[in-house]
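Each of the two complexes below includes chain A, the first together with chain B, the second together with chain C.
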Partner chain A sequence: MTSTKSPVSLANFFIFNPTLGPREGEEHKKILLYYPTDVDIDTKIKNIGLCEAIVNFTSTFTDAPCEVMHTQKRRQVFYQAEKNFWIVMTVTIPISHKTKDGVPYIEYHEDDVQDSVFQAVLKQAYKMFRFFMGPFSDIMDRGNVQSLIQRLEHFYYRYLPTLKLDNSDILDVFNGIHFLPLDKHTYLRIQSFTNLLEATFSQIKYTAFLYNDQLVWSGLEQDDMRTMYKYLTTSLFPPFLEQELQGSPVANNDRRGSSVATLHYGRYINGPPNMSDSSNLGKVPRVYINTESTCEECHLVVYRALSATVCLLVDASYPLQFDFYRSIDGLVGPKLSVLASDISEQYVKRSTPSTGEVQFKYIYFNHMNLAQKTTVHTDSKKSSNVNIPADILRLLSDINSDLSRNVDEGETIVKSITDCWVVGKKSDQREFYVVINQKNANLIEINEEVKRLCATNFNNIFFLD
Partner chain B sequence: MEAEENENFYVQLNSSPIRFEPINTLINVFFDDSNRQVFAVRSGGAAGVVVKGPDDKTSLSFRMEDRGSVISIKFSYDMKVLAVQRSQKSVEFVNFTNGNIDTMEYSQTCKGKSTRIIGFNWTNINEVVFITDHGIEFYQVVPEKRSLKSLKTFSVSANWFVWLPESAVLLLSAGPYGNSIHPFHFRAGMVYKLPKFEIDIPVIPKPAKLCLLERDVFMANIYGQLYIVVVRHQAKAGAPGAEVVLYLLQKESPARKTDVLRLDMSGRFALHIVDNLVVVHHQASKTSMIFDIKLDGESDGYVTYHHPVLSPLPMKPSIIRPVDAPLGAELVECELYSQSWIVFQPNVVIDAKLGCLWYVQLKLEPLVTMIPDKCKLIDLLLLRRDCKMVILTVCKQMLTPGTQTNLSTIARIFDKLNKVYRQFLDIESQNQQMETFSSREPTATRVQHNPAVIDQSDMYTHVFSVFVDNKDIKHKFMVAVLIEYIRSLNQFQIPVQHYLYELVINTLVQHNCFYQLHQFLQYHVLSDSKPIACLLLSLESVYPPAHQLALDMLKRLSTANEEIIEVLLSKQQLLTAIRFVRSVGAVDQVSARKFLEAALVGQDKTAVYEIIQDLHQENTVINM
Partner chain C sequence: MASENETVEPPGDEFKTLDEGNEPGGRRDGFLVASDSFEDFARLEEAKSSIKDRHPSGTINKIVREGSCEDPPDKQDEIESVSSGIASMATEEQNDSAFSDNGNVAEQVAPTLSASIHEEEELDEVHKPEWKGQKKHVFILSEAGKPIYSRYGAEDKLVTIMGVMQALVSFVQDSKDSMRCIISGKHKFVFLTRDHLLLVAVSCTSSSTPQLLLQLNYVYNQVLSVLTYSHINKIFKQRHNYDLRRLLTGAEKFFDSLLNLMDHEPGFLLSAVRCLPLPSAVRDVVAQSIVQHAKVKDLVFAILIANNQLITLVRMKKYFLHPADLHLIFNLVSASESFKTAESWTPICLPKFDSGGYLHAHVSYLDDNCAACLLLLTVDRDMFFTLSECKSKIVERLHRYNCIEAIREALTKYTYSISQVGIPDLRHFMYKSRSTAQFTSPELESPYHTASEQERIFGLYQYLHHRMHSTSRPLKILFHVGSYETLLGWVTSGFELYAVFGPLVTKPTAINSINKLLKWIKKEEDRLFILNSPTF
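Moving on, here comes the complex of A and B:
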């Protein structure tokens, strides 16, 4: 008798700094965050002490910091986010109840938990904190340990429950960005639009432009954009869209006294919800960017018209007032509405579905620009909308971590028990994974099929097959 | 101070006027606007006639017998026959050979006893028209026979006439008010009567008398079309302020009133056409103003009403050598808008008392500071001759810190420049096609008013490259301007030259904006080319992804396989290189030596072996 597998779940998550409580009896001072909260202090100290010991112990063998510890029931992932600041996440190994010879026992599916995926999830958790709160050490420098603890708790107590660990997969490893395919002229018009915006309002330091969940332009650096993209597509957009779908006013044309010329579809996602109500300024977060170098603090104002979104990173020293929002709305609203409808015309043309049932699914990722494409996932939001079996999906991550050991190039072809072929290829900085569900195919046929795919999809880039 | 003074004038007289003997009791001065010659006739010609034209060929002097005072004197277009009118009944002709006057004159009398000659004009080589109070008489001159042959006559009772030599069009004023206009068009041996029309007069005088006067009517070619220009001293009955009314002359239908220039002044006016602008001089206020009928005006559906482009300003003061003064004498400022001025079309001013002939000219440079609306300024400049450097100055100014213009204006100006650029390219390609179809000279079809084309290399040399190294300009602004220019070129489907891309790339690289650069390349904003690919390769050390971008670009070019192999070998990626060679089927074209050398550099013995094996397998002759 077999039972269904339990999901991967978060056992604990903690952050500590060994230098904060170096002496005996002060161990609790090392703890900056411990989740879940309903754990007694001794257990906290014990677990953190163990982790510290593991870190110290492993450091005698290698210069590289300790990354992961495997146990039968749990997997513990380590990440030294900043000097002396360690983040540790422990997840449970999925189990299933089985019987052998009439004796019930528990089977641990250790292979279901992939190091690379959870290392990526942990790293992401840190990056997201840094994006909204700034680096740990900066917060300490500006305030004290207590202020850091407050911020950590404020952020992670809300963030951690939203983690969908069971749905984490190779996309978390890539953490890529979907770019919108667009013709040159429209792209230049968008450029022209963002340039005008930044030139008109000098307090806007950077802008980013998205269409649906796809990025078109980022004035931010790649790494910051990666985090912001994640935030926008997983946290900010979904509830907003849901609210729009439920029929709250879409167009801004209910404004009294506005003539046809000023009619547009623009509105703030996180700024003032209503341009005729100056009392409600909305809730605009502060973000920290370029943390590795200068560490700039900005307001993140997000404005949307139809499917086009523009993110304005406004200098944090500039107080956001209603007049500012109104003048932005006046400039951006009409222009963005026009751009959005022009893009949508192209978008419809481009996304004409290919005829016939597609026999294969693929994931593409380019490390150089973080461009990512997937037909394995039906949407970019983290949900269970995956159209290949979970074991095949895990296989992708396995091939990925395998290929990442190679320097330039490599290719792996795997046939699963279920007669499914999985091909992983790497050329320079690009990775390509294909899942072909073709029964009774042989290796040569599959190889030919993949060659054909590469030739049709990658004819304009240097991707050797 | 001098420079500042210059700023306040947009109209000037040319600096070296044609000088002639000033008018006095003995000397009569005539001007022929066909040949642009001034005739100083001393004592009826007996004491000499001095002719001054625009150049040496058209200047000469001779003596002729004094047969009475001269009313009008004009050379034929080839200067082989001189026509002199001394009475209202006849015109005398005399032949010239190599600038020497013939001894014998011949004469032509007008037809009819009571007929009176108002004037005459050469209409072609050896063709002359007499305008009489009974109409026109068209003659052919036969110099060899020293006689004239009548070709055609029209009878209209005429008050006065206006003649435009460059178009060979004659207007006759008829009717009691003088406002009934009969146009005639002359061509070799032929004269065509064009539809007559009436010029509306604001106040009809009672009793009827001539109220449309010769001095208020002339013809002008503006933007390649022939207009009849009428000064109306009163726009409406009782309303002060004069206006200039333009009638477009048409072949098939009567001339149509198209534009009205609002002068908002009254008094005596003189008009010139300079570079397709209507220049109106006002004597009382000693100022001039300019109108451009191509710039937007208020239209009522039929007629467009224009205001002066700028507020009226005096001409730039002009200095001349005083009459009879020796060559080295001190120069004096001459009186502008003088009572003794006589103006001729299109841009001639004669002061017979001073003995000067000037051309009125336009000064474009001061306009740059006078017109604050940059779009209007560019519109105006683009329609002018020799505007190129001035436009480039404006563009430079738009980017210079302190006088910087906002991005949306810059974008609109780029669009204006590139629209003209596009039109120019279209004409070019049409001409090329014409040339391939026929070997005839294509000049005939060339557009008359070819406005200055500001192409990419002009913008690069005079504007963009000047500012790239300017530390005072924010790189963000610079990139925005360049992208705006590229966007505009794209919009008009003009292929962008790689040096502009290089400028964008270099600016971004200098400020470490690699990710932005990456995105531009990703969206093919910076088009593929070998120079750009090479530039990217050189950036690899500061921005590693440039390597991938360069390889992709070379791959897309599909003519750069050689380069791709070089790049891969330089990175010791021997196997990748071999696989690439195979994938493009170029195994028999590559030199195995390169591969082996690369393998030896890498001290990879197995690689050397594999390469020999590999290339052998493909049955390749190894070109060592």
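Moving on, here comes the complex of A and C:
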């Protein structure tokens, strides 16, 4: 008799800096953030003390920083985000209630929680904070400990509840970007459009162009784009789309009266919600990019027409005023609307073919440009829409962590206990995973199958045979 | 390639049609417990509550009762006298350890730890680069945090670091949880808690966490093998702070040699035993000689081994030996130089057989010029002279049939060369027959003739084994193409096969080779495996 498994859930999440409370009796000063909040101070101090003890203990044997601790019931992930700043996340191990010989017992599914996945989730949590708030040490330098604590609380108390830990998987490890391939002509038109924007408005330092959830063009550093992409696709776009679906903002059409020439579908997602109301500038977040080197501060203005979105990173020293928004709207709105409808024609053409009798599912990731493709997940957002069994999905992460640990190039083919075949290939910074559910196939047939698949879907990419 | 395709029988189907037990080296009536103890072990970890039931199986008492022993020795007596033979029980001084169990460890942890590591007394061990740089540390400590053994460095110089280990474990226990492992880069810190003892491995080898746990469990079994579970239990129930080193004086060499053995001997990983390749006729004569001349009441096992390989095993009906126990016997023999000079009489506890008491072993080498060692294990501690006589008769008969000569010859060739298998693409392999818990594998030859290459290839086998035997995601087949070689793992209900090819081998060639290999093993099975199970 088995019951269903409990989900992986967040047990706690805390940030501390051991140098802030070095003396006995001052341990509480080390704590910069502790989630959940309804925990007494002694427990907080104890748990942080244990983490410090573990970090010290492991440093007796190795200079490599402590990464994870496994216990029967929990998994604790460590990340030294900046010098002396440690972020620790603890998640619960899924359990199920079983009985053996009439005696009930709890089974802990330790292998369901994969280190590489949750280490990636933790790093993402830091990078997202840094994107919106800047590095910990910079905040401390500019203000004091209290201002850092305030920002940490402000950010993480809202961010943490949105983590879908139970749906975390190999995509979190890749943390890649879905690109939209376009024909040369359209691609160049988009590039000339962004060039025009940056040339006209010198305060715009960088731009990025997306169509639906897919990236078309970006002038940002890859790592910043990766974080911004995550923010756009998981937290900015979904509520906006929902709002649009409900059809509430008819405001779009109201302002047509102003001039017939500016008839378009553009509007701000981050920026003034209504172009005929100059008193409401809307909310525009500040973001920190290139933090490893120069650390630039920018306003993140996001503008959308139909399914096309353009992100404008405006120099933070430039005060955003309604006139600026209006002139952007005037220039971008019509052009973006046209671009959007042109892309949509290509988009429809591209997305229809070859969905027939597919017996395989795959995930592709390119480390060089962060391009990611998946047919395992039914949508790019993090949800439980996965069309292969959970254990097989975890098998992909197993193979991925073996391949990333041992070799630059390699291939692994496995047959699971349930007779499902999984193939993982890595060559030239690219990784490719295929799941084939053909029970009676043998190794050679599977090999042929994968060759065929590579030839049809990735014909211009070289894979080691 | 296409023509090759036709002749190839790919893994997955070939042996499904055969009856169980027909795979190469397979038999239904083995003498070793064939349960896959690796998976068993993992499962036992899950339900740790059952551990107590596992310990005193009382097999030895049962044998004593079954044999018409007129005056069964009082078991308590027996254990007392034996342990006093290992080390005298000195009177206990009440020396409280730094981390006593009644103090609130939790509150001590944070402040004590960071400071304590820098205490001067430890400067000489913990801060020595060669100590820090060791690839696999193993520590044994008592529940109270007292050092019992350290693979490297003097354990009394490591009081503080072991105290830290104990504190970490008990801190986690305070929240009704249990510590498994910590990972820092390439280092794994693995913790195994057993009744009264804590075992810790600190490793930067390619062993996986479950494999390190298995090794720690072997080390634990080695402790039991010297002291028995009952004895340890009794001592720690009386004195929580007991310094177990008093009872283990002289046993360090067994831990050292066991750990060295596990670093390169695949038998532990596979939970299987390697047999000395020998013509089956010779092996039969050896077994018959033992059966004829050692038909003595209360003799449970007669085991002939050489260079960590089994030559033959004769057992009492109804009783089986677990491969894990046999590994401890291998270790006992390879770590004890003294057996070479004289017939010996030594107590040994075989934890899987009965962790509650000792068997008594008559240990002797067959001949001054032969590395084969005969062990006669009994439950009767007064049988030395009877068994000594048996041994003389056995040796006499073996000489008469030229068996000792045959064994000596087999031993000069260590095992066999991969070239004898005659498959050009195959570099090395390990084959385990699951039903008999025996395995075979050729010698490591070029390119695996250097120590570092051998360590690397063993690491690859560990990786392969780890993935194939994952508790939650086990695999039937794993084919891996790496930079330096291609690996194939294949597990069926009857056998496990791990093979190493050159990096450029094609899949059809690899599979073709594997099928040839299975045929070769089948052909050679009489020589490579012990297929019958003689009893007294």
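The rule we apply is simple: the second predicted complex is superposed on the first by the 455 of 465 C-alpha atoms of A that agree within 3 Å, B and C clash if a C-alpha of one lies under 4 Å from a C-alpha of the other, contacts with A are read in each partner's own complex, and residues count from 1 in each chain.
In this section, a residue touches a chain if its C-beta (ideal position, glycine included) is under 8 Å from a C-beta of that chain, and two chains touch if they have at least 3 such contacts.
Since the model is a prediction, treat every value here as computed from it, not as a measurement.
The superposition on chain A brings chain B alongside chain C with room for both.
Of the two partner chains, chain B and chain C are each touched by A:E409. When the shared chain is aligned, chain B comes close enough to touch A:N369, but chain C does not.
Contacts of A:D398 after superposition: chain C is touched, whereas chain B is not reached. Legend: residue contacts after superposition of the two complexes on their common chain; A:K184 is shown touching chain B, with no touch to chain C. Shared-chain residue A:E24: touches chain C; no touch with chain B.
In the superposition on chain A, contact is made by A:T200 with chain B only, not with chain C. Of the two partner chains, neither chain B nor chain C is touched by A:N144.
In the overlay built on the shared chain, the residue A:N447 is in contact with chain C alone; chain B does not reach it. When the two complexes are overlaid, the chain among chain B and chain C that reaches more residues of chain A is C.
After the superposition on chain A, the angle chain B-chain A-chain C between C-alpha centres rounds to 130°, nearest 10. Superposition on chain A places chain B within reach of chain C only down to 7 Å, the least C-alpha distance between them. Comparing the two interfaces of chain A, the one with chain B and the one with chain C have residues 408-409, 464 in common. Within the complex formed with chain A, the chain C residues making contact are 5, 8, 10-13, 46-47, 49, 106-107, 109-111, 113-114, 117, 126, 132, 137, 161, 164-165, 167-168, 171-172, 176-187, 189, 202, 204, 209, 463, 467, 470-483, 507-508, 511.
Residues 406-408, 411, 476-477, 479-480, 483-484, 486-487, 490-491, 515-516, 518-519, 522-525, 544-545, 547-549, 551-552, 554-556, 564, 573, 575-576, 579-580, 583 of chain B touch chain A in their complex.
By the touch criterion stated above, chain A contacts chain B in their complex at residues 179, 182, 184-185, 187-189, 191-192, 195-196, 198-200, 217-222, 225, 366, 368-369, 371, 408-409, 428-430, 460-462, 464-465. In the complex of the two chains, the chain A residues touching chain C come out as 24, 27, 45-46, 48-50, 52-54, 56-58, 60-74, 100, 105, 107-112, 115, 391, 394-395, 398, 402, 406-417, 419, 442-445, 447, 464.
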